[in-house]
Amino acid sequence: MTRAISGEELAAGLEQRIPGSIIGTSKESILVNNQSLLSLAAHLKTEPGLEFDFLSSITAVDYYDYFEVIYQLTSLEHNHSIVLKVRCHDRENPAIPSLVGLWRGAELQEQEIFDLMGIRFEGHPNMKRIVLWEGFQGHPQRRDFLSW
Amino acid sequence: MVMKTEPLVLNIGPAHPSTHGVFRMRATLDGEVIIDVEPIFGYLHRGIEKLAEERTYQQFIPLTDRLDYVSAMGNNMAYCMAVEKLAAIPVPERAEYIRVIMAELQRIASHLIAVGSFLNDCGAFMTPILYMVREREKIVDLFEMVSGQRLTYNYMRFGGLSQDVPDEFLPALRKFIDQMPRYLDEYDQLLKENEILLARTKGVGILSKETAINCSMTGPMLRGSGVPWDLRKADPYSVYSRFEFDIPCGARGDSYDRYRVRVEEMRQSVRIIRQAMEQLPVGPVRSKTPVMLIRPPAGEVYSHVESPKGELGFYLVSDGSIAPYRCHIRGPSFINLTALREMIVGWKVADAIVIFGSIDIVMGEVDR
Amino acid sequence: MDLVPTRRFVYSDADLDQHEGEVIEALKARSQQPIPDQDQWLSEKAPEAGILLTSVDKVIDWARSNALWSVVCFPACCAFEFISTAASRFDISRFGMEIIRASPRQADLMITAGTLTWKMAPNVRRIYDQMAEPKYVIAMGACGISGGIFQSSYGVVPGYSRIVPVDVYVPGCPPRPEALLYGIRMLQDKISKAKVFRK
Amino acid sequence: MKLDYYGLGIAKGLMVTLKHLFRRPVTVQYPEQTLNTSRRIRGNELVWNEEKCTGCSTCAKACHIGAISIVTAPNPEGDKYPVEKYEIDTGYCIMCGMCVEVCPFEALYMGAGYEKAQYRRGDLVQSKEVMKYTSEKYVSGYFYPEFAAQLPLQTLLLEKITEEE
Amino acid sequence: MVTFDLVFPAWQFKGLPPDWPGGFWWHFIVFSIIILAFVLTLVIMFIWFERRTLGRMQARMGPNRVGPFGLLQAMADAIKVMLKEDIVPNGADKLVHLLAPLVAFVPVLMVFAVMPFQDGAALVNLNIGVLYVMAVSSISTLGIFMAGWGSNNKYTLISAMRDVASVVSYEIPVVLSLAGIVLLAGSLSLNDIVRSQAQSVPFVLLQPLGFIVFFLGGMAEINRSPFDLLEADSEIVAGFHTEYSGMKFALFYLAEYAEALVLSTLVATFFLGGWGGPLLPPWLWLIVKSWAVFFVLVWIRATVPRVRIDQLMTFSWKFLFPLALLNLVVTAVEVVAWPEALPVLLIPVNIAVGAVLVILLSRNFKPGGSQVEA
């Protein structure tokens, strides 16, 4: 059984290593500061005992006030998981650091989020539309996009 | 003497016989060797995630059928499990068992198509895929018996199943799982040791363990590279913890290993179905849930199952209304294409097709 | 002898993508209305023709209706019902249709098995244009007829009839193999009624 | 092509295809022979029971593509609204069976017919006269076990092959 | 064909050219018609036969609606294809595009000029028949290359390149394997080869290695599966005839099966005793034997996957070529050392030598081709 690590428990340890990185926690997730996402993710990936080597899924949700990007991390070795969340308050030109350098599995998913949600991932090697064609107006996965 | 050569840009797809739908690769060739490849997606982007927001929870079930249309039952199950987790709906025991039987049958059907079309991509003229489709027809018959449709079943509901299986289902299923291993043996005899197939697939398209994990590969791709990671064992959902089965793994991570992993998984699925049939309890198949509208409490949930292609995850956000606020689908086929470039570059065009076939994608899930 | 690879393309990848987008938008703007079904002659009374022409007509129609080679255009779900139809159990080869040409030049029949998106639409139109006359289209399944379940989506063409003229509509999602075979038989009927030498 | 097995692997495969040459094909010769479909078949038509229908439009609400269009009289007659127009566009319908499942008055059934191909798009719309339930109509047992029991058993490919061997 | 013996009894063709009025030209015209009829009828029958057999091997029926047992299916296809629109793609080299099907098809027909249908009954009984067959049959490669080049399509170009590569490399083992036959028969004339088989045993027993090399090499030259790289529809769409439609495509389609017919009849002539055989009339024997060879072709097509281009080349140069050379040496030694040896003695010796050589070579045979560092 994959053990879902409690957010509070993990946050306590992380706060000491990378101060100021955690904004909030919940039972299964931690909410991470935008600026320290990269260092925190690198820490999660390499720290013995954690070793989240597998990024299963990336999602973005549009909450009107902010975008939330959700990373589902799993460790194949220890069989435990954690959910990382990042928020982005800029609606016009949202941007978040890319995690492609750490997990290549993020490549296509980040590209898809850019296409459908319009969040730019900084540092991504190929940040362009993936499923829709060039010249498509708007980002359909946003809540304020009307399909017809 | 210096000879100027110019690479040839070749568009493979989107309407190409072996791109499994409408996938497109923009390949740059040096002679026959591929020196660069760029996958292009989106030719089947139907906006399923957006459509989910416009529909009620119930109405989204038929759409999941069309996600990975080779394994509709698996998608049904994954989605229903996600909603059940979100709204805390209990599922009766019998329904769980029937779900497992359906999911495993669907895994066999999906792998049959995967293996058949993979062998077809290797150039065996139609024969393997026709044999495999014949086996699949038997499974489709069973599905038709329970749900009334041949491809888009729309069979599972929140809190169980739409209807109980008919009386004639279990004897037919018994007959099927008695026959199936024999046919699998026959198909192994057809091509398992074929020298040409070995030459075409052994050592071709090697995906190392580290790359596979780093690229978030799941399913037979990951297991073919030798990582024994199967959600049915690692994170047992439904009633999978009650069954005994092995996780077949490849050694080198080449196309042949992936092909063998799929064949072995079919045998394991038959094993699971046999156990599930023995343990199948009687009782209701659907807990008390509204037929039309449910309103799960506000919250979010990520639920994943081991679909035939890999980890199929549903990320649902509810705001307490009758429709999901956000529904994200983690399609295994889509993410399994991440390492396409590494696997294909340096091989010939013919190999590229074989490697691509061994990934086993379904465009409905790639583009969604 | 040294081989010096030169990477010099007339268009960059970005240019190609840009161009593709323009083509799609142009096609989308052009095809907001479905192409009407061209079947008025089906109900018309056949004009009298000489006995020679009639028998030539018969032979040609017989050949055309019995040798329908379909082109590879299987975007989505219905493809698997088409495969089932082509496979051993329902066996399309009885009608001589098991030759599925990958090249549109040699095909007569386009079975539109699956949802058509605007991104794919120019390609489908191109396949249709590349097919040699006479050519026929069977709209298979709800998505092929009207966009079906995805018709309200932002990326989906509501029916192939926006892009190509359709001869036979086969409802279902997807249609059973028998239903598709029935549609094919209907198309064969339609072809065998056609007059090659019409005034 | 390392000849690991000196061509014996190919020979084995050849034997399999040769064996199939002498087996009976599994083909159903469709227009002459037809399969018994599933008892729960969701064919390409709906069957509508005029007596039982109250005009509540639950089916149209459950349909997520709006394939069902129903118009009732503004005023009820007794405990039901007379249905003036009841149409289903099979060009839209995906035969998901949701309408049948939700019908509170058991007035809507899946039909069993699947040979519904048409030359014209307009002909795909089934009007209420076509859909009307009569006792001789071949109705599917989808969500109606009492209908299912009357239908013949499904033809299974499974059994056909076992009989031969 | 049925009335062949009634209208033109065999004695009429003894001695060429015959001495009856009109002399050579009558003979020429009659045989041209016979060859055309033979090729076209048999090709159509072969297409039907292949589709039916493939169907049965794939557990289905195959064409059975058009005419009795679907016999007219190929006719319907032919009429339909010929009446289809003829398309020349934009940017194509028009002349090359137009000529390619003819260049591909005519040589295949020309091969039959030296094919003996019974003792001495051929259009011309060339005394360099083998040479002529090999020379003429490779011309159709040019047609395929023209088609690939002239179509202005990348897939056809790749296909054409593959074809040229494969034909150039397979020509050598094929010719070498025939050299053994020529040594045994002592003649290059096809009729003499058949006649010497009729006197002793079919050469397949005396030349098992030569048979294998010729058969496999021939399959590669006519691009039958598993060597059908240039029509690999899962890779390069429809290969060299991707851009062809209508009549021109029909010619290619015809040429493809006519080539299969050529291979079948050549194998029957060189190795299976050609027209020789008891009871049945000689021309029927030829047809029966070629049909049997064609069945094997279909059978193999139904079973095996396709090889890759580098494997195709390796197979020719590292496997078939040494085999053919060794076979030639062994045969030459035998012919010189035991010119009068009975077939009874040579058959087991040759089969044993063949088996040992095949096993030894396949042991040491490594197919090339792995990932190229980009």
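We call the chains A, B, C, D and E, going by the order they appear; numbering starts again at 1 in every chain.
By our rule, a residue touches a chain if its C-beta (ideal position, glycine included) is under 8 Å from a C-beta of that chain, and two chains touch if they have at least 3 such contacts.
Source: prediction; values computed, not measured.
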item: Set of chains adjacent to subunit A and to subunit C; value: B
item: Chain at maximum distance from subunit E, centres defined as averaged CA atoms; value: A
item: Farthest chain relative to subunit C (centres taken as mean CA coordinates); value: A
item: Mean-CA-position distance for subunit E and subunit D (Å); value: 50
item: Rounded Å distance between subunit A and subunit D, as computed from the means of their C-alpha atoms; value: 44
item: Distance from the mean Cα position of subunit E to that of subunit A, given in whole angstrom; value: 62
item: Mean-CA-position distance for subunit D and subunit B (Å); value: 25
item: Per-residue multi-chain contacts in subunit C, two or more chains; value: 87-89, 91, 94, 102, 119, 149, 152-155, 173, 176-177
item: Contacts with two or more other chains, residues of subunit B listed in rising order; value: 16-17, 35, 42, 45, 47, 50, 54, 62, 127, 130-131, 134, 137, 152, 190-191, 194, 196-197, 199
item: Touching two or more other chains - residue numbers and ranges from subunit A; value: 129, 132-133, 140, 145, 147
item: Contact pairs between chains, per stated definition; value: A-B, A-C, B-C, B-D, B-E, C-D, C-E, D-E
item: Complex contact set, residues of subunit C against subunit A; value: 14, 17-18, 20-22, 24-25, 118-119, 152-155
item: Subunit A contact footprint on subunit B (complex, rising order); value: 41-42, 45, 47, 49-50, 53-54, 211, 213-218, 227, 229, 234-236, 300, 302, 304, 311, 313, 315, 317, 325-326, 328, 330, 334-335, 337-339, 367-368
item: Residues on subunit C engaged by subunit D in the complex (per definition of touch); value: 34, 37, 39, 42, 88-91, 94, 142, 145-146, 148-149, 151-152, 159, 161, 166-173, 175-179, 181-183, 185-186, 190
item: Subunit E contact footprint on subunit D (complex, rising order); value: 1-3, 6-7, 10, 13-14, 16-18, 20-21, 23, 25-27, 29
item: Subunit D partner contacts - residues on subunit E that touch it in the complex; value: 53, 55-61, 299-300, 302-304, 307, 311, 314-315, 358-359, 362-363, 365-367
